[in-house]
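What follows is a single structure, and I will ask about it in a moment.
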Amino acid sequence: MLRLTPPENKRFIQADNFNIIYGGGEANVAVSLANYGLDASFVTRLPDNPIGDSALNELRRYGVNTEFIKRGGDRLGIYFCENGASQRPSNVIYDRAHSAIAETKPGEFNWGKIFNGADWYHVTGITPALSDNMAEVTIESVKEAKKQGLKVSCDLNYRAKLWSRDKAEKVMAEVMEYVDVCIANEEDAEMIFKIKSGSDIDSGELNIDGYREVADQLMERFDLELVGSHLRKSYNASVNGWLVVLYDGNEFVQSEEYEVHIVDRVGGGDSFAGGLIYSRLTGKSLQESAEFGAAASSLKQSIPGDFNHMSLEEVESLAKGSGSGRVKR
Amino acid sequence: MLRLTPPENKRFIQADNFNIIYGGGEANVAVSLANYGLDASFVTRLPDNPIGDSALNELRRYGVNTEFIKRGGDRLGIYFCENGASQRPSNVIYDRAHSAIAETKPGEFNWGKIFNGADWYHVTGITPALSDNMAEVTIESVKEAKKQGLKVSCDLNYRAKLWSRDKAEKVMAEVMEYVDVCIANEEDAEMIFKIKSGSDIDSGELNIDGYREVADQLMERFDLELVGSHLRKSYNASVNGWLVVLYDGNEFVQSEEYEVHIVDRVGGGDSFAGGLIYSRLTGKSLQESAEFGAAASSLKQSIPGDFNHMSLEEVESLAKGSGSGRVKR
Amino acid sequence: MLRLTPPENKRFIQADNFNIIYGGGEANVAVSLANYGLDASFVTRLPDNPIGDSALNELRRYGVNTEFIKRGGDRLGIYFCENGASQRPSNVIYDRAHSAIAETKPGEFNWGKIFNGADWYHVTGITPALSDNMAEVTIESVKEAKKQGLKVSCDLNYRAKLWSRDKAEKVMAEVMEYVDVCIANEEDAEMIFKIKSGSDIDSGELNIDGYREVADQLMERFDLELVGSHLRKSYNASVNGWLVVLYDGNEFVQSEEYEVHIVDRVGGGDSFAGGLIYSRLTGKSLQESAEFGAAASSLKQSIPGDFNHMSLEEVESLAKGSGSGRVKR
Amino acid sequence: MLRLTPPENKRFIQADNFNIIYGGGEANVAVSLANYGLDASFVTRLPDNPIGDSALNELRRYGVNTEFIKRGGDRLGIYFCENGASQRPSNVIYDRAHSAIAETKPGEFNWGKIFNGADWYHVTGITPALSDNMAEVTIESVKEAKKQGLKVSCDLNYRAKLWSRDKAEKVMAEVMEYVDVCIANEEDAEMIFKIKSGSDIDSGELNIDGYREVADQLMERFDLELVGSHLRKSYNASVNGWLVVLYDGNEFVQSEEYEVHIVDRVGGGDSFAGGLIYSRLTGKSLQESAEFGAAASSLKQSIPGDFNHMSLEEVESLAKGSGSGRVKR
Amino acid sequence: MLRLTPPENKRFIQADNFNIIYGGGEANVAVSLANYGLDASFVTRLPDNPIGDSALNELRRYGVNTEFIKRGGDRLGIYFCENGASQRPSNVIYDRAHSAIAETKPGEFNWGKIFNGADWYHVTGITPALSDNMAEVTIESVKEAKKQGLKVSCDLNYRAKLWSRDKAEKVMAEVMEYVDVCIANEEDAEMIFKIKSGSDIDSGELNIDGYREVADQLMERFDLELVGSHLRKSYNASVNGWLVVLYDGNEFVQSEEYEVHIVDRVGGGDSFAGGLIYSRLTGKSLQESAEFGAAASSLKQSIPGDFNHMSLEEVESLAKGSGSGRVKR
Amino acid sequence: MLRLTPPENKRFIQADNFNIIYGGGEANVAVSLANYGLDASFVTRLPDNPIGDSALNELRRYGVNTEFIKRGGDRLGIYFCENGASQRPSNVIYDRAHSAIAETKPGEFNWGKIFNGADWYHVTGITPALSDNMAEVTIESVKEAKKQGLKVSCDLNYRAKLWSRDKAEKVMAEVMEYVDVCIANEEDAEMIFKIKSGSDIDSGELNIDGYREVADQLMERFDLELVGSHLRKSYNASVNGWLVVLYDGNEFVQSEEYEVHIVDRVGGGDSFAGGLIYSRLTGKSLQESAEFGAAASSLKQSIPGDFNHMSLEEVESLAKGSGSGRVKR
């Protein structure tokens, strides 16, 4: 996906050039994992033109395996994103209808081959929302992943502009049958599965107890081994509180809370997903996983663009407590 | 007026290019009102060259009616502005002598025609300070506005570099005879009309009670229906507290206080004036007017340039309490 | 020295251009002093090519006397610096081996002539760390300075990447025999002279009492008239607490504490050194010296680049209490 | 339409920001005419979001009447354009399917009202090619224009990526029944109407006699009062020869030939159309019309972006022979 | 003087930032001479603010002595300059009325002290045109220069926007009484002294014979030792022919002709003046002087900004025939 | 290697930022081949820091296999390059001593494994010039390549700043024993092997006959199957004539000559090498090889940076005659 963002803090109507950023949920996770030293492949469909080439190259540049990316279709999905500041929220305009990936047909990806030798498959709830075809393709993929013994993680990521709550519930309920690790914030849980807690997402306050109820209900309804979320305390668009919670049906843990001075908040959730997958694949404890995920995702927000350009050592260093931001020299 | 600002946070002596920003008190108010959907005209005089064209175009671009703008004179007023940060204040250098507007002569504008069909006229105390001629032109304009039944608002905006306190008092006292709504902070009131309160403007503290006394004295001395001000708590050049107070001779109201992370503070006061005029023209209550004005002006400071590129819906949304800065998607 | 920094908050691996910044410890101090109106000379060796010309010009541009700069050698030392933000620290990569200055030989500078008529000589602990030759040259220089009756100041500035603790102690102990004013933070004192206090530099907390012990021990071990340091409270890479302490063997003073919103932290310590030297040369009291040094160095951090482009009046204004960051107009 | 172009001469795959350019055939003509002082309206449909606002504002900024622009639909058409140089041609990638204008339905525009009081209507062959609906809308528009007595001009502008030759011929033949002034280069004439001449468009050679045959055949087949074209001698992507030919069925004229050093060639043809319409509306002779059109269009190519930001006086000055490019001061 | 120029080849009305360029006739000459290793001082008056500081620093940066620059007055003269290309000429808008230098009064500069020890004084015809005071100051300066035995050179540089032909003749005739070396193109000679030749300056053709007549008449009318000019063959705004002619009353020489691909033509004439002064001061022959001046001024036009950043060796290398533009490595 | 270049046409001493370009002889060739669809590996040694990461990523981004790149050493070689224009040549400052590659030791690369399955090995004469070690490593590599049956090509590329003529001859003579295809211009041949022809490289004239003699002598002295060169006619730094000659001991062919309008000339020779290797590997005739190489290398010079971002189709299209630079749409 191509993000076009006016430089500095300009609004759209002031801009006369855009910064070019390639990214998107699963791609961002793949870059995180490649940065931590794992073999990560990204699967999508990109138009066979220089814009598609540029998107593919950007992944390849950061070490993601692109051999399963199909080329074809008419266009790359675009969204325009205006960076907020202070009391002014960021603003997103989607222009992703008719994208190459949305027009992919079931059966087009050879999931058997793609998953061969892999350990983990991650997908977000944005992908099946793109089109009816993609809903089918997504279900196809999680089924096959499960069959081949991969762990499956899903970040629910409800997007009201893409599909209705009813449709989302129908599709995601089927996807969830194959999911082991579910990332879902309160809004996702409520909008898709009508699971409620007492937190008011616009208030700028955190509701850790509320989230515990949500996690409990998700765990009950689906056969999951782990539920998690980042929680954002939105003081304003420049400074946020940020922490991570995880629940394995048994223990409920909460990470260090960071005061994040935001450079670019897009990709914050994906960098948490990346950190969590890495933690689970490398045998970290639940508490360590929360700390690693929280550190990864607060660091991401200090970097322009979607991708979390942080190394394993840098994330570990913060996760283990060195957050004073001193120069390394 | 043309503002030239070094990029990022550079000081003048480091810069090797300038960003181009067109704006100025009344122009900024006109753009605010056009953004809220009202018909707004801006009246000035611009040189008949491409720099004047660019200034005019910038207003036209954002929907302001420019048909009453006269073309002629030698130059557009310029000021150089260096954006402060942290403990370093912003710094302004004026180069606006001999501007086309300052050399306008009384009688040059056909106020009768300009005001025909209009509801409101807004002027700032900077305009009559530009030259003796402009002092006369300003008085000419408020008289005619009053005669045709327009509401007249004035933002006192005392500028010590433009005129003496005595001259300011003489001219502004005459202007105030025709004013209905007066925007004045404590410093303006003291410097022009010797009206004092106990607030120390450099201390970084707010003095709401002090301002109440100022408002009271302005109300007593002139025949006003409303007095208002924004109050700025200057922690430093990067973060400010910000709220708005209004007094109608009867009720004294105070808005929500915002912690503003400043992108560009120029135009903050004008965006409050724009919000206040809109509120009064559309029948908002005193409290609602304060909230709308405070929301508008805190949002402005998150945007580079002079103009407040916020829609009615965006300001209303913050005024009604959604200030958490979450992405809209 | 040439600093190359990606624009905005980009990481190295994202950048596709660098901003060019010339600077370095003693050069930064020289620019501060020239800005305050003193005659300041900078002594170094620069390659005889346009990169060396540009470095020399940058000093000349800001009023530093460059007549004692030797030309020759192969290259200018470079370091790449990535600006941190939020929880992400700034990151520095050195590429300064084999620089023109590091390959200078003892006897190459005519210190007798350089110090003729001068009042003060400032050097940092980075310079002797560059090479064995430079260690000799530095000792040569402080001896001659002392002989000609100049005050000598030294900022210990320990750099672990440049030399071992043992070698640093050996060389710096000899340098310190000629030093009158020593700037040293706790880390420098511990790493070089094994002088310890109870402060944990990564904790984000200040330890003023701890520093007092350090200052005491430095004063005892060497024949100094003044010891000082800035103390940084690293909340994160975007916001720091900042204050200055001074000890003359008798009185221990502490400046106002500033909450610094960081634009560029490089050169913060050097701007304190510059402020301190100015204060001592112009007869300020110990408390005034601390305030001037703290104001100078908190202001520096609001400016991109190494140099502290603040005038005497601007620093005095903050040192005397006007830190609200209001626009000057 | 939104054009996104990498800065300098970068290829797409190197770029990391785009310059934003709004334009498109008829819009470019409208800006030309507004620049020459005529009342020009642009009719289109733009999405009701800030990208649509920005496109509308850009027209309003340059004085085009935008009152007939409809708001609605999903997206603004985009094309990515890479500027060529030397032997490397410019490269265009279209992403304009499903644009707001392409999805307009017949009957949506009130042509009766739009044409009321107008003298001239200009359309290009790109517009009916966008969709079946737009083919109908275009025919609807030319019929009504003719009925109300406007002169109708059409620039054939065949785009092979948008429709087949057969479909183009069917639709354009119907459009041509209502056209008075036809702009068509040899390629357009051949691809749409199978009208051939001997010129080889890739050879870098001009074929004025060949074009005379083309013009003759167009004049015979349709009921036209004027046929014209620019002829480009493509030495390479940096330097072109450029001239204009016109034929009124009687006289065949040819303008001065310019050696154009290309800054941005997009919009060159539209600036010729704008110059021609202006010439016809103001009663210029055939030879004068050719000179004015050639001057306008060679000047355009010295300006970045689609629009021809040249005043009437500037074009006249070149058309009358002052092409030495001396500074005006 | 401050030049503000839109980046790339943008027109004013498209620009949204300006590049900052400090320069002006005599300043440009001073930088040329400093680059060639001579001691050059620049005399002017600059406002005492950071804009004035920046202008002064820019000179100091490139090695010009600034000790005779007076500080004071209201503003620095500004001009806006749009870079032309192809058939579009560059365009200049002056905003230099009321500048610090224009408001200088006779007697303000201590010419006796300024000229003490100097060999050459250069002035342009722009300086006396700025105001009546500056006309007097200029005459004052050339008288004193002559009295102290300096060579005096003057570049007539007629600017129609600054003064009438009659006034120019009156003042410049008096200036010329003290001038030894006169730089004047045909237009200057005709506009000021009614000296005509047959060359048509807009035609893009050179007229070397015509210039010989002009030089002859200047030599006859005034007591000069040398007359010279560059001749520009303006094919268009991107490519020019360029050569230099000199006449010493005896011999008339003409340099190599260069085909100049223009990056920035401003300062081309001043770089010729700089080259000529250097040549005369170092005893070059008449032919060598022409070659050096032509090489210097064609090289200047390949550099952005006013100043000719070329070393003595680089100019000599071209003057002696190495113009193939091969990389030096 | 890291190239740092001031933007636009600025000289070093004017610049205040650099564009970042990664490249270098063999790397540029590898990117060309990857662009044409071949499997290309690049072998080097890069420091294990983010600057090294960025260089590696840039290759990976454009599809070059980087698995054989070793990580280690202190620094990446840097050169500063100023783009010339018109009569001003480009200027290069090297800072590549002590680079990671120069300090590689013989035996460090496992050439047996690297060449396994490969068809062609390309090296330039810059590589063995970097250090004595690299001379040994280069000889080691060509021996092994030959042993495994790869074709070996070498671009002599003499760099006087890196080694003496005697040393170059000694090393290169040994390298040439294993070379099949030699790229050498006249200067290389003369400086290294004392092989002369009558062409004057500074004259701006081509000497095709002279080159034929050079090719003949190279062929005689070494056991080569092909000798080739590009010939550059340097009118000036903005426009060059450009063609390619090849000699196989039997036939001497010469390509089309292009008039190149230079955007960035660095990498021009490497793009010819890339084109030639591709041609030989895919069985093109001698004449076709010359045309493909000439087209590739003239296109490169229209692109900023070192790499030749042209596809196979684009090069073929020009090689087969379509050089008119028309927009593709």
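Labels for the chains are A, B, C, D, E and F, by order of writing; each one numbers its residues from 1.
What we mean here is this: contacts are C-beta pairs under 8 Å (C-beta built on N, C-alpha and C of every residue); 3 or more make two chains touch, one makes a residue touch a chain.
Everything quoted here is computed from the prediction, not taken from an experiment.
Separation of subunit B from subunit E in touch steps, taking the shortest path, is 1.
Under the touch definition stated at the top, subunit D and subunit E share these contacting partners: B, F. Distance from subunit D peaks, on a Cα-centroid basis, for C. Of all residue numbers used at the contact between subunit B and subunit D, over half are used by both chains, marking a mostly same-residue interface.
Annotation, subunit E versus subunit F: rotation angle of 120 degrees from the Cα superposition, expressed as a multiple of 5. By residue number, more than half of the contact pairs of B-E reappear in one of the listed pairs D-F, D-E or C-F, namely C-F. We define each chain's centre as the mean of its Cα atoms; on that basis subunit A and subunit D are separated by 45 Å. For the pair subunit C and subunit D, the distance between C-alpha centroids works out to 62 Å.
With touch defined as above, residues shared between interfaces to two or more other chains in subunit B number as follows: 11, 13, 16, 57, 62, 91.
Listed by label, the pairs of touching chains are A-B, A-C, A-D, A-F, B-C, B-D, B-E, C-E, C-F, D-E, D-F, E-F. Chain contact summary for the complex, subunit B toward subunit E: residues 4, 7, 11-13, 15-20, 49-51, 53-54, 57, 74-75, 78, 80, 82, 91, 93, 95, 97-98.
Of all residues in subunit D, only 62, 258-263, 295, 298-299, 301-305, 309-310, 314, 318, 321-329 touch subunit E in the complex they form. Subunit F makes touch with subunit A in their complex at residues 57-58, 60-63.
Only residues 8-11, 13-14, 84-92, 94, 159, 161, 201-204, 232, 234-240, 265-266 of subunit A touch subunit B when the two sit together in their complex.
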